[in-house]
Amino acid sequence: MLLVENITKAFGGIRAVDSCSMGVERGSITGLIGPNGSGKTTLFNLITGFYQPDVGRIHFNDKPIHGLPPSRICHQGIGRTFQITRLFWKMTVLENMIVPVRQVGWRTLFSRGVKKHEEARALELLNLVGLTGYQDEEARKLSFGQQKLLEFAAVLMADPDLILLDEPAGGVNPVMIEKIIGLVEDLNRQGKTFLVVEHNMRLVMELCQHIVVLDHGQKIAEGKPATIQNDLLVLEAYLGSTNHADASA
Amino acid sequence: MTIPSTHLLIQTIILGVLVGGVYALMSSGLTLIFGVMRVINVAHGAFLILGAYCTYWLFQLAGVDPILSIALTAPLLFLIGWVVQRYILSRIENPEQASVLVTFALAVTMEGLMGTFWKTTLRSVKPDYATEVIKFATYRFPVTRLAGFGAALLVLLLLYLVLQRTNLGRAIRATIQDRNAAQLVGVNIQMVAALTFGIGIATAAAGGSLLSMIYSFNSSSQTDWITRVLSIIVLGGMGSLPGALVAALILGVMEQLTAVMITLYWSPIVFYIFLFLTLIVRPQGLMGEKVREKA
Amino acid sequence: MKPSRVPAVIWMSGLLAALLVFPLVQRSQYYQHVMVMTMMAAVLASSWNIIGGYAGYTSLGHAAFFGLGGYLVALAHNHFGWHPFISTWFLGIVVMGVALILGWISLRTHGSAFVVVTIAMVFIFRIVALNLASITNGARGLTQPRPGWGGVPWSPELIKIPFHYIMLALLCLTVFASWRVRQSKFGLGLIAIREDEGKAEAVGIDTMLYKVLAFGLSAYFVGVAGGIYSYFFTYIDPQFIFDIFTGVTMVLIAILGGRGTLWGPVLGAFIMEPLGNWVIGVFGGTQIHLAVFGGILLAVMLFMPQGILPALTEFVKRRAKAPAAGRRSQSA
C-alpha cells in the first residue's frame, strides 16, 4: 500500500533519514520503532509531505506522492497525528472535527454553516472515542488524554485509508493506552491500515503485526514482533544508545 | 535604455561601490538585530533619519563635522535603542509575528513626531568639502562619498572587532547561532537582546550621519530608506553580516547603473524588485540559513 | 457563530436605518464627508480582515489595490465615459484578478516576510504609476469631471449624498461577504490557517488556494472603494493614492476594533476615522496625524492586541458568569 524507496533527507550535514526503504501492507498495523533521533518523525514528515526527500521516492497505492503538498496527500487518503498533540486550540471540539477537508468541492466550501451530515458524522466519531457531550467545549479546555482522542477522531473525519500515529501513547495513562489499542484494533478490523511510531514496547509488541526498526536514519531490521525482540542489531541500537549521550532529534 | 561607455560604466560602478559601503553600514544593524532577536525592525529607517537629523542639528548649531558627529550620535541612539528594546519590544508576546507591526507603528510614530517638530523641509548637511571631488585615473571620487565609504568601513571594522574579540560579541554570536544553547551556557538573553538592539541602532545613527551629507532627507524619507535597507538584508540573507555587505554593494551598484542606463526615476524600483524576487525565489537570500519548511 | 440572535437583528437594523437617514438629517457637508470616509474606512478594514483577520496574514499592501481601483475607474471614465458608480463594481473584478496573481506569488512567504513583501508591492505600484506617464499622467495625476450624472453635475450642496449611499451599499456588501465567509467552511479553513497552518495542511486544507482566494476577495472591495474614492476627490496621483499610510490605517482600524471578528473592523472605523478628522481639525497637518495613529497602533499592539470587541465580549461574559449577589466571586 505504502512504499518508501531509498529515501534520504539531510539537514545541514546530518542525514536524518538515510537510504531508507520500507513498506506498509494494506490492512496491517505496522510499527516503526527506534531510539530517539533515529528518524521516525522525519520519515512521517516525508511521507505526509511536510518535508521533501532529497533522494528517493514514495508511492501510495501505486501513485507517487513524494513532492506533493500535505493537503494533497491527505486527499489521497493518508491521515496522521502529531507527536505533540496538535489541535486548533481556540476552536470548539466540533469545529475541530469539521475543519478537515475530504475533498475540495466548491459548493461545500462556500455553503452556509455546517452541513448536517458532517455534523452527524462528527458526533458519531466523537462517540466512538468517548467524547460525546464535549462538542461545544474549546479544545484547549480538554484534558491531555481527551485532546489526543480528539486529534485522533478529527483525523478519522477525512476517512483516511492509511493512518500514521506518532506516539499515540506518549504521556498517557495505562487505561487510555488500552482504549487506544482497542480503537486501533477495531478500526483495523474495519479495514484501516496503521503505521505507528511508539516507544512503548508493550503496545508495539501487542498491537503491531509487523515492525520496522530505524537507527540513525537507516532501517536496521524488519519483521514480526517476536523476531525483532531477539534481533541483535536492534538490541544494540537501543542498548548502545543508553551508553552514549542520547542524540535526540 | 542607454548603454554607457566603458568609462561611464566604471565611473558608475565606482559610485555604486562607494554608496554601497554606506548602505552596508546602514543595514548591518538591521541584520544583526534580526539574527539575535528574530525581529524585523521596520523602524530602522526612522532611526536612520533620526541619526541624520541629529547630525544636521549638530552641524547647524555647533558646526560639528558630519563624520565626526558619529561619535556623538551613535552613543545617543544606542541609549535610545536600548530603552526601546527594554521597555517596548520586550513586551511583545509573539515576537516573530507581531514585531513587524509594532516596529512599523514605532516607525510611523517617529515619522510623525519628527515631522511635527522639524517640519517637512528637506534637509542635508553641507560641510566645506561637500562639492569637492578627487580625481584619480580620470575617475571622479566625490569627497563626501569617499569619506562616507571610509567612515562606513571604519565603523564596520569596529563592529567586527566587537563581535569577534569581546565577550559581548561572543555572546551575541552564540545567540545568533543557537538561542537555546546560548542560554544553556549562561548567556543572559534579555541583556544580549537589549544590547544588540542598542548596537544596531547605534550603527543606524552612524549610517544616518553619513546619509545626511550624501542625500537630502526629511521625516518621510524613512519609508524609502527602510525599504532599501530591508531589500539589502533580505538579499544578503537575514542575520548574515557578510551577506549584508555583499548585498549592499550589489544593490548600490545596481541602483547607480539603473539611474544611468534607464532613468533616475526608475532606480528606486531596483530595491523593491529585488526584495520581492528574493523573498519569493530564494527566501534565505545569498548567505542566510535555509528557511525551515513548515512542519 | 450563534443562531439568529434577536438583539443582533435589532441593533443591525437600527444601525442601517440610522445610516440610511443620516444625510437627510445631517445637512453639514463636513459631517457628510466624514461619514462617507468613515464608511469607506469600514469597508477597507472589513475587507482586509478577510486575509488579515481570518487568515492572519497581515498585508500592509492593500493600498496597492485601492490605488489600482482608483486609477482604473478614472481611466475608464476619462477614456470611455464610464460612470464610476457603475464601472467600479466591474473594475473591482480586474483588481481582484491582479490580486489573485500577486497573491499567488507572494503568499509563498509567511509571517514577517509576507508583510515586507506587501510593503514592497505598494512601492512598486507607486513607481510604476509615476513612470508610466503616458497612461497614468505620472506625477501630475488624473482628474475626473465633477461628479454628476449624464453630463449634468450634481449641485454642490447635495454632492456628498450620492457618495454616501453608494458607500453604504458597498459597506453592506462587504460586511455581508465577510459574514458569509465567516460562516462557511472556507472561513473555518482560513481560521485554521491562522491558528496552525501546518496542521491545517495536514487535515487536507489546501492552504495556498485558500489564502490566494482570501487575498483576492479582500482586494475586490478595496478596489471598488478606491474607484469611488477617485471620483469623490476627482483627483488622484501616485503619491496620494499609493500611500503606505492607507494600509497602516486599515490594519490599525481592524486590530483596534477586533481583528478576525465580523464587526470589529466596522467598530474600529467608526472610532478612528472621526477621531482622525478631529485630530487634523484641532492640530492641523498630517504629521501629527501620523504620530497619533502610530502611537495608537503601538499602544493597541502592546496592551490590547486582541482589540476592543473581543475585550468587550470577554468583559461581558465574565460579568454574566458572576452571580448578581456578590462582587467577591468575580474572578480577577
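In order of appearance the chains are A, B and C, and numbering begins at 1 in each one.
What we mean here is this: contacts are C-beta pairs under 8 Å (C-beta built on N, C-alpha and C of every residue); 3 or more make two chains touch, one makes a residue touch a chain.
It should be emphasised that the depicted structure is a prediction, and the values quoted were computed from it without experimental measurement.
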item	value
Innermost chain by mean C-alpha position	C
Top-ranked pair of chains - ranking by C-beta pairs in contact	B-C
Centre-to-centre distance between subunit C and subunit B (centres being mean Cα positions), rounded to whole Å	33
Between subunit B and subunit A, distance of the C-alpha-averaged centres to the nearest whole Å	47
Rounded Å distance, subunit A centre to subunit C centre (Cα mean)	42
Subunit C, residues touching no fewer than two other chains	198, 201
Multi-partner residues of subunit A (at least 2 other chains)	50
For subunit B, residues that touch 2 or more chains besides their own	294-295
Subunit A residues within the subunit C interface of the complex	48-50, 69-72, 74-75, 79-80, 82, 86-91, 95, 98-102, 104, 108-114, 154-155, 157-158
Subunit C - residues contacting subunit B, complex	58, 60, 105-106, 108-113, 115-117, 119-121, 123-124, 127-128, 130-131, 197-198, 201, 244-245, 248, 251-252, 255, 285-295, 297-298, 301-302, 305
Sites on subunit B touched by subunit C in the complex	40, 42, 88, 91-93, 96-102, 104-113, 115-116, 119-120, 219, 223, 227, 230-231, 234, 263, 265-266, 268-269, 272-273, 275-276, 279-280, 283, 294-295
Parts of subunit C lying in touch with subunit A, wherever the complex brings them together	180, 183-186, 188-189, 191-192, 195-196, 198-209
